[in-house]
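Read through the structures below before going on.
Next come two complexes, and both contain subunit A; in the first it sits with subunit B, in the second with subunit C.
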Partner chain A sequence: MSYRVAGHVYHRAVDDEVVVFDGRTETYLGLNTTAAIVWTALAAGSSVGAAADALEARTGISPDLARADAIALATDLVERGLLEPTAG
Partner chain B sequence: MSGSLRYRLFGLAAASSLRLPLPEGDDPASIDIDVALGPVTVHGEPLWDDPTDDSFSCWRQDSDVVLAWPEARFAVRADRVLVDATDPAAAAMLLVPAVWSIVLAARGHESLHGSAVARDGRAIAVLGHSGSGKSSAALALLDRGWRLVTDDLLAFDAGGRAVPGPPVLRLAPDRAVGRTGQPDPAGKFRVPVVPCPDPVPLAAVVVLSDRHDRCERLTGASAVSGVLGEVYAPVLTQPGQPRRRFDLAVRLVSTARVYGAPPRSLTGTDLVRITEETGA
Partner chain C sequence: MNPWPAVERIVDEATDPSGLRDHGLQLIAARRWRATGRDVPAAWVEAERSAAITALAIPPLLVRIRGVLEGPILVLKGAEVAARYPDPALRPYGDLDLLVPDAGEADRALREAGFRPAEGEAAVARPQHRPPLRWPRSPLPIELHHAVPTPSWATSPPVATLIAAAVPSAVTVDGIETLPPADHAVLLAAHAWLHYGPRFRTRDLIDVAVMAEGIDPAALADRAAAWGLGRVWTATVAAVDQLGSQRGADLREPSLAGEHLGRWVGALWAPSRGAVPRALAQTVGRDLRPWPGEAWPTRLSRLGRAVPHTLRSAATYRSEKR
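== the complex of A and B ==
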């Protein structure tokens, strides 16, 4: 599964974290270092699997935990309306 | 009809019919904003109206934003402020900085609750709520030869530089002992200081907040959040303000080092250390 950043969302990397502004609700969300790794990968069009690989490589956590974390975060970001699933 | 008094306020040339407790400026080539006296009625779309608190309300009235305190009412738009007050001195105290933050917002510029001082073309800003020690921190560096950029209202130009405000520091009376100045109606002491004449980039920002138990570096989202917690006027008066505030915070965090510290905790030694770390 891949995603794209929703059109009403603006995001910026700050230090090793990411801040995300939701133009629809006019609220912002801070993503910590590990969440930022997943966001950055998904925002670039990578699959959840690739985002999990990036998380595993950068943090040293197990592949299973990395995949579970990446899926959980992607699901949460979709529910918040910040990411949208793409076809294919 | 423009007022006959001329002031330079946060980069704007003002023609005012209301006398402000500030030095008058030279007659500029053009006037950015007119401060006029006249009736202001309180009605319209409520932007801030707490029925349990009659000390302040804010309303949208066509293209005006109306700000109402018991002492004075103001109708604000980008190029004009209408002042309705029985006590001109109290109105002048409210005009700068509180009403001016709304003027700046009407012109597309967000501002923060902070003071700033500069030296050698770089500035350090101290953000925080009233009574958190912003002005005292600024004074500690002014006494070390720095120049005042602004006290209480921290505004920015299009390039993200801090814009000079009035050359006056407002201090609690116990902080002003032995200094030349005048008391104001709010019980503070207005001390004239050496101003920084030009806009200046910020090298460091210190956020004074109860969220911190010591002076520490803030990075990433916590730094952005710390800056966003110190917007000057929480009330939203213009479309697009949340995004502009977000952009301002991200820009600041990307260009200046941000620190957090408890209110009233900053010592001259802390500030000197921060200026040395940041090259300010």
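== the complex of A and C ==
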């Protein structure tokens, strides 16, 4: 599954974190280092699997945990309306 | 000139975080120091977060304002200059400056649309703009200008003339404009001179260099002369040219007294020798008089609070007041 950043969402990297602005609700969300790794991958159009791989490579956690974390975060970001699933 | 090689060297050489902050370089320094393996002060990381939020807030805020106001809207200074930096989040700014044909009418329309007066000591009118407004959920106050911020002795073109010459803004929001780059470069030099006179902050020099990039120097000098700022422009260009020889270790924190003195000395750059006494009187008077709408007792109280801090860093004093 791949995603794209919703049209009303603006985001910027700050050091190894990411700040996300939801223009619809006018709220800001700060993503910590691990969440930022997943966000950066997904926002670039990578699949959840690729985001999990990036998370595993950068943090050294197990593949299973990385995949579970990436799926959980992607689900949460979709529910918040910040990411949208793409057809691919 | 391209200021960035000189700026990187200045930041690399610097060892004093407060000097870098006071020259407006903390965001550039944070990124550079991190990239070169140096420790980044926690306050700078926080400043980076704030700058990121500010940069994210600008486009939707401008879209909202565009939806409320009719007629031209020109972005001035901070946000417009930042959009011309390698990354807008490298240039700190604390408000959104807008030039509109009728600031009073724009103020009324924005209040009617839900904008509210900003709070704090800075939330008062100044000679060139109305009291700042803020969209309730936006981190950034907006200042509606009815005049461009220049030394009182400048002869800047009428606002209507400036607005008629507007070009699309680098912020790239539909329907949002800005001054032509040559006029904007002169405005940036004038605004810096208004606050600091010839005691240049490095960031102001970067701003001027970024805005003037690619413009014929003679055309810039002509525009500056049209604003009555030929001598100020010559001094500013010389300072920009000297960025290459500026040493990072030499970045000093200007004191509150030093800032005032710089402004007053700046009047000596009035267009002619005969104009200096009047320029000096206007500059000192502007510093001492109450702000528009401010009562004398309030002004005197503000002055009284500042006096014990005259030898302290002006930037530190201002940040503590916020």
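Note that in this section the second predicted complex is superposed on the first by the 88 of 88 C-alpha atoms of A that agree within 3 Å, B and C clash if a C-alpha of one lies under 4 Å from a C-alpha of the other, contacts with A are read in each partner's own complex, and residues count from 1 in each chain.
Convention: a contact is a pair of C-beta atoms (placed from the backbone, for glycine too) under 8 Å apart; a residue touches a chain by one contact, two chains touch by 3 or more.
Keep in mind the model is a prediction, meaning the values are calculated, not measured.
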{"item": "Joint occupancy of subunit A by subunit B and subunit C, clash or fit", "value": "clash"}
{"item": "Which of subunit B and subunit C A:Gly23 touches, first, second, both or neither", "value": "both"}
{"item": "Subunit B versus subunit C as contact partner of A:Asn32, first or second or both or neither", "value": "first"}
{"item": "Which of subunit B and subunit C A:Val14 touches, first, second, both or neither", "value": "both"}
{"item": "First (subunit B), second (subunit C), both or neither touched by A:Glu79", "value": "neither"}
{"item": "Overlapping contact positions on subunit A, where the subunit C interface meets the subunit B interface", "value": "10, 12, 14-15, 17, 19, 21, 23, 26-28, 30"}
{"item": "Residue ranges of subunit A in contact with subunit B within the complex", "value": "10, 12, 14-19, 21, 23, 26-28, 30-33"}
{"item": "Subunit C residues within the subunit A interface of the complex", "value": "30, 34, 40, 45, 48-49, 52-53, 55-57, 59-60, 89, 137-138"}
{"item": "Subunit A contact footprint on subunit B (complex, rising order)", "value": "219-225, 228, 242-243, 246, 250, 253-254"}
{"item": "Complex interface listing, subunit A residues touching subunit C", "value": "10-15, 17, 19, 21, 23, 26-28, 30"}
